[in-house]
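Both complexes shown next keep chain A, but they swap its partner, so chain B is in the first and chain C is in the second.
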Partner chain A sequence: MKVTFPYMGTTVVYKKLLEMLGHDVILPPKPTRKTIDIGVKYSPEFACFPLKVIMGSYFEAIQKGAEVIVTSGGNGPCRAGFYERVHQRILESEGHDIDFIVFDSMFRDPQTFYRNIERLRDGTPWHKVLKSLLLIYDMIGKLDHLEKEVQRIRAYEKNRGETTRIWEAIQKDFDQAYTSHTMKSAFKKGKEKLQSIPVKHVDKEDCIKIGIVGEIYVVMEDSINMKMEQLLNSLGAEVERSQYLSQWVTYNMLPKWINWTHEKAVLKKGEPYIPILIGGHAKQSVGQIVDYGQRDFDGVVHLMPFGCLPELVSQSIVPKISEDYNIPVLTISLDEQTGIANNQTRVEAFLDLVRGKRKQRLNKEEKMVGKKPESYCTSG
Partner chain B sequence: MQELFMGVDVGSVSTNIVVIDKDINVVSSQYIRTNGQPLETVKKGLKQLKSEFPDDTRIHGVGTTGSGRQLVGVMIGADVIKNEITAHATATIQFVPDVRTIFEIGGQDSKIIVVEDQMVVDFAMNTVCAAGTGSFLDHQAERLGIPIDQFGGKALSADRDVRIAGRCTVFAESDMIAKQQFGFSKAEIIKGLCEALVRNYINNLGRGKKLEPPYVFQGGVAANEGIKAAFEKEINHEVLIPEHFNIMGAVGAAILARDEIFVTGRKSKFRGLSAADLEFTPRTFECEDCPNHCEVIEVKVNDEVVARWGDRCGKWTNSVQQLDL
Partner chain C sequence: MKIGIPRALLYHYYYPFWKTYFDSLGIETVVSSPTNKWIMDKGIKYSVPEICVPIKVYLGHVLELIDRGVDYIFVPRFVSIQKGQFFCPKFMGLPDIIRHTFPEMEPVMLSPYVESTTDDLATSLKQYQIFEDKFGITRSDNRKALKKAETVWKLFREYSLNGYDIPEATQKAMSEGCQTIGDYKRSLDDKYEYAEVTIGVLGYVYNIYDSVISLDIVNRLKEMGVRIKTFEMIDDETLKKQLANMPKTLFWTFSDKLFAAGNHFYHDPDVDGIIHVTAFGCGPDSMLGKLLELDSTKFEKPFMTVRIDEHSGENHLQTRAEAFVDMLKRRKRKLKKGALA
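Right after this comes the complex of A and B.
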């Protein structure tokens, strides 16, 4: 089958999995201005931003010859659960007869889940499927590990853009690896490459850490969030995202009673603020801000698609959490109308605020316990 | 010789250039209408400065802020290029040390900055539209045929209250026409407009924030007595207007440049007041290498490319020797 999927984050993972199941993968191009224009043109105006971008991606992939779309479903009372229906109808009305394979939680509807697997498996023997799954799972864990390094090192790089270039090369290496042995060596090579990046020396007191939370698509896909991670990094802040693919997969694959992942703990932390499931990632966002607060992060950037209902709810709770945990939060809503200049000013001012706050806190601590011995956050 | 520092705030409506001494006294200040030509305006300002100061005057540090901060920063060789929020707050804290809330209304954007212990702890910028900014007033003043500098004073002479819909400029205008037909005077309409703007501003930006006194009101619109009165009515408290209210951004940039030079002990990167005579050619081209079609801005000084930015992938930005800004 000629299959495609929505473009989000580190796409080499999905590509590889489908390839290993013997499919012809049509990789959709990374979303650009053009993708968004196409998506906006065919989507309902009041639909959320991710739906529009993904719509554009599908059109571009179909142009490249895709026949089947593999995607994930939504959970809870959020419009994401209807994406597939809406997308399919729009594609139909434009004369594209495309098959959708939608993966929902396997615990809710095991039969459909199994049927979907059968379709994707397409005759591949089970032991091979299992092997591929394990290999991919291993791969996303390794990639996420490296990406976390990237998000730290990039804040201190001496030559602008170098870390991003190396990170892209690393992903290419992984793309070429089909056995656990080659994957291991790609991982090792990647680590070494990252280690060799020349970094600036920054005193521990001046190192700041920012967490990014929000709706999964705008958090993970940097082409539509103003490259928030790179922007924050270039302003000298270390970054961590609320979502990483490996964590998301682990959380969704484990049945409730043995689910001890960090995600579950994070959801728990959000419960005092949003006790029930309201759809999307509102509960995660809220819980994650609490989590960052407890882990002594210096600030949080909260991203939401314009008009996203769950995130609107979490946005209105943010000031309270921000006060409870004494952590500054900047909410930015994104859509096709987003003006970069205004948001750039906001982010810059936010980092000034964060640095000021940090300095103040350190001064207070210093008065209480005396000056701490010097320490550094980078080895370079 | 006196140690001098310069701050330049390149905004959408006005460009402000100030010079301060090392004790933060404003030695010289200019408020020039930008008229959509930031580079020309700054050149004009620099020429004016050159004629004000003796020939051997040296500027020890320069900061830029405002929407044109990057372009102008590259042009004149700034030591600090800062966002408007930080620049404004820095200046206000200097002149009103116990300030808690700053209202800043400029030409095309407005901000609320919340300060605690002389530190910015929260801020908001207008998100949706221009209702609540200086351009809204400019437009309405023009429609009523009253010069903008007399506009605010008129509001104070109103006898009655009238409520104008202030959500957006277009609807405000149709509402104004309706109210004029109902027989309200110009003064009353203006008062209604001022109140609509303030209501809009507080609702939009102040949402979810604790706004504590002392309140400081600055930005070009602070010249408008009608708006000041409307603010005092809305929050039921006195609102302070600092002496340099319309050039606070530039003053802040100058202070930041001064601090930067004092802390690092570096020599300023300023090209000198004669920078006004250099040939600056900014141009914008669309990169065709991918479907993003980024608009790349390129600045040349005497035919040599000194800066490029605006590309998403960094290809153009990185092709020029990075200025350490």
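Right after this comes the complex of A and C.
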């Protein structure tokens, strides 16, 4: 089968999994202006941004010859659970008869889930499937580990753009690795490569940490959030995201009673603000801001697609949390009307504010303790 | 003691229920004024700019009630009224939006969870236990009040199903509880005997029946001699039939009903055209609107989307509605001629 999937984050992972199951994978191109334009042309005007981008990338993948689309489903209350239906109808009305394999939660409808697995397995023996799954899971974890490093080191790199280049090379290395042994060496090599990046020394009081929270697609896919991570890094801030693929997979695969994942803890922190799950990542966003506040981050950037239903609720609550935990939050809603310069200005202004606030706080602490804080916080 | 009920969102669907319930418990209720400029402005001022206009208006109504000095405000948390389905996330987070925007309101908010398996709210007693603790009501009184509320609400639905719009049905159900319905149905048919065209108006009750939000589109159309059909006038069985062969339905209860109603209108030979009234930025509508629009060519029935928000212009709507109705009339006459020739 010529298979494709929605483009999000580190796509090597999905590609590898499908390849290991013996499929011909059509990797959708990384979303560009053109992808977005195609998506916007065919999608409902007020659909959320991820739907439009994914729509565009489906059209591009179909042009490259994809016959089957593998995607995740959902059962609400967020719109994302209905994406596949709308996508399918639109593709149909444009004359593309494409097969969809949709994975809904396995706890809700185990039968369909199993049938989908069977289709995707396509005769591959079970032990091999299991082996691939474990390998992929391992790979996600490793990639996420490295990505966290990248998000820190990039803030202090001497040569602009070097870290990003190396990160892309690392992903390519992982793409070539098909056994746990090669994966391990790719991981080791990646780590070394990152270590060797020349970095500037920065005084401790100038090191700032920014968290990114929000809807998973716009948080994970940098080509549609105007490269938020790189922008923050280039302005000298360390970055941490609320979502990493490995966390998401662990949270969604484990049954409720042994689910003690990071997401669970974050949800707990969101409880005082939104007592129930209202779909999407609203509660996670809220909980994550609380988490960053408790971990003494200097600021939070809250990303959401324009008109996102759950995130609108969290956006309404953000001013309260920001006050409660004394942490500045910048909400940016994203859609096809991108204004890079506008965005840059807003983020720069935000970071200035965050830096000022940090200085103020350190000065106060200094007065109380009476000694200068330790300098140099970077590695290398 | 007074409980304030905001005249917004599902007030338009459940008012007969809530009113009867509180009345029979001997609790005084105050309903906010119909949406006006003050309410609209206040709502816009205190809500995030991107959120849809019905939610903004809701905030305005809550503020008006506070201004009028009520002791409690009734802000239920709508979670689900059908198994496997939910409300829009904004409804589920509504009390959170309000209590975190106005922290001083938290102690006066009454927010029962609306969580049941049918749209008859009386079926889950659990939601109403918070009133027992708060107002010292016994369990049996609570039950009795619910029973009474259920009866009135069912009557209200019965009127709706017989073609009355919501304000008419509310008034009838609340005032003339014991009348039989058959007679009304006949007189209603007489009233519309000369209506040339019938339009299916798709839209949530809180948009359609709020004369400021929807700029009174229902009465505008009526004045043009159009007969109106809306989703709440169609019984559940018919709606369910429309969805039976869908591989996956929408998981928001009222959107699902609208979607089914839209499909029903396409199949109903009495309906000449469909107008979809939707709020700017409404998430569920963005999906169902597109799906219905794609079907419009298949069934050869005109479909128009009217998008509303706090900046909607009256003249613009009037012109569009008139043009649409004229087009439908012309089309119908032409079809008739074609059949005769």
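FYI, the second predicted complex is superposed on the first by the 376 of 380 C-alpha atoms of A that agree within 3 Å, B and C clash if a C-alpha of one lies under 4 Å from a C-alpha of the other, contacts with A are read in each partner's own complex, and residues count from 1 in each chain.
Here, a contact is a pair of C-beta atoms (placed from the backbone, for glycine too) under 8 Å apart; a residue touches a chain by one contact, two chains touch by 3 or more.
All figures in this text were calculated on a predicted structure; none of them were measured in a lab.
In the model built by aligning both structures on chain A, chain B fits alongside chain C without clashing. Looking at the shared chain after the overlay, A:G141 reaches neither chain B nor chain C. By the touch criterion defined above, A:G307 reaches chain C but does not reach chain B. Once chain A of one complex is fitted onto chain A of the other, the partner contacts of A:Q360 are limited to chain B, with no touch recorded for chain C.
Chain centres taken from Cα atoms put the angle at chain A, between chain B and chain C, at 80 degrees to the nearest 10.
Judged by the number of chain A residues each one touches, C leads among chain B and chain C. Judged by the touch definition given at the top, the superposed model places A:P44 against chain C, while chain B stays out of reach. Using the contact criterion defined above for the overlaid structures, shared-chain residue A:A282 touches chain C, although it does not reach chain B. In the superposition on chain A, contact of A:G81 is made with chain C only, not with chain B. Applying the stated contact rule after C-alpha superposition, one finds that A:S316 touches each of chain B and chain C. Superposition on chain A places chain B within reach of chain C only down to 5 Å, the least C-alpha distance between them. Shared interface residues of chain A (contacting chain B in one complex, chain C in the other): 316, 319, 333. Taken together, the chain C residues at the contact with chain A in this complex read 47-48, 50-51, 77, 79, 84-90, 92-93, 96-97, 100-101, 103, 247-248, 250-252, 280-287, 289-291, 294. Put simply, chain B touches chain A in their complex at residues 67, 82-86, 109, 117, 119-123, 125, 127, 208-209, 290-293, 312, 314, 317-318, 322. Residues 29, 32-35, 160-161, 164, 223, 227, 316, 319, 328, 333, 341-342, 344-346, 348-350, 352-353, 356-357, 360 of chain A touch chain B in their complex.
By the touch rule above, chain A contacts chain C in their complex via residues 43-48, 73, 75-79, 81-82, 84-86, 89-90, 93, 273-276, 278-280, 282, 306-310, 312-313, 315-317, 319-320, 333.
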